[in-house]
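Paired with chain B in one complex and with chain C in the other, chain A is shared by the two complexes that follow.
Up next, the complex of A and B:
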């Protein structure tokens, strides 16, 4: 229980800041795609290296996706994302479907096993988290510049394509860090919902990061507690991942009636 | 052999409606629909209602919510779509978890089960195919107009919002029909890959639709053949066939793009646009 909470709080600290950039650069679909494209990596990694191969496989698949998105520039960007998502996921499904009873593997991939998260997984998450936050701190200003004024950023000497690839790689690392413990359903939610909810409270970047992180941590704690009490005290089966996601979405809906923040000109749009 | 018919019909349906999905960049919205209809399907099954109706109702709510919420200042369509996708899917998953020995298998929803389709499913697919073909034919001109120049379309008296809404409902209907056969992720593949491949070959709308439908049908049939021959999940095999067609198209049209580029630069339209006045 304590380990599950530690993992969720770690993820809150990582996903809060990253989600703000995902929001500003409109990368929700890319984040969603990455959670699917790491699947074949997970499968192949498991076939070759057992449990320890999973991590490397997912990492390779995540990086491959980030590069693939840059290469498929002849298609409309959303179509390219969709094609990568579906084809790589299909490779994973095709591989597991050759075994009998593959459906339980799929379910584990969807929901992860947050309650049985191991100490080594927490360490993995923490290490990747430090890398992610460090690269975000280094690239943050450039990402913001590129988001709000691509032409200006290019004129100022930034390589826009390289910045985009860098951010995609950061998102890929987050997905890899989180997916085995908490499953795909929760990862997408953690990368999309917190910033969208935080944007309802403030239009400034740093406060958005703080609010997004706090919301995620709160929903993580409350979600775990809810699913725990519901299943232990009331005999109801509540998946902890769904509980966390639904709480986050509930927070978003509660914040919706707030008056719009930010002047029309300087939106984190 | 009923599943061969279903695979071909599903491929044609994906190719037909996919043209609009690709041209209007609705891929993520489609992905959200495939996931967000899930709670509707589950709720309908728990209550003993028709699961197609449940999925359709949930899809309508999502389409409406995306339209309303993304108009809010500061929010964007991508983020709102993501919020609804994860919320809807988590709700469906939560509902499934509360039920014991539930008839709807989550993995089946994701991967599809084309080998268990019944005559009724095939009939439903055929009806939806006919219906969407009819809608897209009737609305062909206003769809083209609003798609490329919404402001001019409104000025010319076209009810752009009604046209867009009709299109979204059509896409939703197709998603609800395709998902039980091939699964959520593969439904997205059938709606995007054939149309994206066709788009590489031609700029003409009249050729785009038949080409895209052809690619869809070939993907469906080839995928099923691969699936039975090598014992691979059917949905995955269909997706990979569609991707293969797209990759071949990318490679084959590479020279076409290079050859077309200089002539396009010299086209009278481009020259007129480049020299103001």
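Up next, the complex of A and C:
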């Protein structure tokens, strides 16, 4: 239980800041795409290397996707991207369906197993977290500039395509870090919802990061507690990861009616 | 040494030439107005200098540092940044990857905002400013890079008189300090009164030189295809 909480708090510290850039850069689609492509990577890694192969499989698939998406981003249509993603996902399902423990494996890959997280997984998450946060700290200003005004950033001498690849790789690493705990599907929620909710409260980048991280940490703690109480005291089976995500979404919905600070442009005139 | 030099340049995007036969030389402190109808290639010329458009033939030389002011409508106005943060972006290349933004950088940015008359709006969100104020912020951002060449793409589109005068005042001071300035504009009066050189464009360069010899009825009719009245 303590290990699960540690893992979730680590993920909060990683996903909070990264989600703000995902939100600002409108990369929600990239986050979604990664979950589709990391899934077959996870499955292949598991088939070849067991539980420890999952990490490497996810890492390889994540990095390949980051490069692929940066290249496909240059194309005028996103249909090719969509076809590729769907087929990758299908490959994952086809591979996993050949196993006898099909349903439980599928559930684990898609929704994670936060309660059985091991110490070595926590260490892996922490290491990835340090890498992600350090490269975000170094590249943060450039990402901000590129997101706000790509032409201006290029004129200032930034290589926009390289910055795009860099941020896509960061998002891929986050997906890899989070995939075993919360699964490929729910990791999107951790990358999209915190910043979207934080944006309802503030229009500044640093406060957005703080709020997004705090929200994820809070939802992680409450979600674990809720699923624990539900299953132990009331005999209901609630996946911890989905409880966490549902709490995040609930926070977003609660914040939605707030008169936010210049959220919409039509308030400005 | 010229702040900007184009020799027999042909410019465009992805192999498609938009503007050709451009010969220009701009000395430090000179103001060049790019004049021509919509689609003439004014923005393309500016973009070719900062590497956002291709040089298909000839050459484009600008030793830099270059300040670039995009059309303010083209930047993300919903983005969570303050006016001060936008101006600081102009310093990022100097700051580099590793050093955090320091007090000196902040002061330079605040001074630039004061120069365009927006010191009081430093903490306001960029998207909440008026069109003219946003344009002034983008000019301030270009200035903090201490450019040798300043490029402005239609800086007066949708800009109120107050902001226009503020921008013109700042540009005049920058030119007096030796910054070469390139402005694309539809406003012929402005080109006549403020530019040292005019380049008359429409798919190719029809004329280049001082306003008195380029903004003539004959040449304007050529460039605008007979659609202009003086």
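The rule is simple: the second predicted complex is superposed on the first by the 249 of 269 C-alpha atoms of A that agree within 3 Å, B and C clash if a C-alpha of one lies under 4 Å from a C-alpha of the other, contacts with A are read in each partner's own complex, and residues count from 1 in each chain.
Going forward, a residue touches a chain if its C-beta (ideal position, glycine included) is under 8 Å from a C-beta of that chain, and two chains touch if they have at least 3 such contacts.
Fair warning: this is a prediction, and the values are worked out from it, not measured in the lab.
By the touch criterion defined above, A:245 reaches chain B but does not reach chain C. Of the two partner chains placed by the overlay, only chain B lies in contact with A:81; chain C stays clear of it. Of the two partner chains, chain C is the only one touched by A:142; chain B is not.
Of the two partner chains, neither chain B nor chain C is touched by A:115. In the superposition on chain A, A:199 makes contact with both chain B and chain C. Of the two partner chains placed around the shared chain by superposition, neither chain B nor chain C is touched by A:127. According to the touch criterion, the shared surface of chain A, contacted by chain B in one complex and chain C in the other, consists of residues 199, 203, 261-262, 268.
Those residues of chain A that touch chain C in the shared complex are 24, 138-139, 141-142, 144-145, 147-149, 151-158, 199, 202-205, 208, 261-262, 265, 268.
Every residue of chain B that touches chain A in the complex is listed here, in rising order: 22, 25-28, 30-31, 69, 72-76, 78-83, 85-87, 89-91, 93-94, 97-98, 105-108, 110-111, 185-186, 188-189, 192-193, 195-196, 199-200, 231-233, 235-237, 239-240, 242-243, 246, 250, 257.
Per the touch definition, chain A reaches chain B in the complex via residues 23, 26-29, 31-32, 36, 72, 74-76, 78-79, 81-83, 85-87, 89-91, 93-94, 97-98, 102-103, 106-107, 110-111, 185, 188-189, 191-193, 195-196, 199-200, 203, 236-239, 241-243, 245-246, 248-249, 252, 256, 260-262, 264, 267-269. Listed in rising order, the residues of chain C touching chain A in the complex are 47, 50-52, 66, 68, 70, 74-82, 85-86, 89-90, 92-93, 95, 97-98, 101, 125, 127-128, 138, 141, 145, 151.
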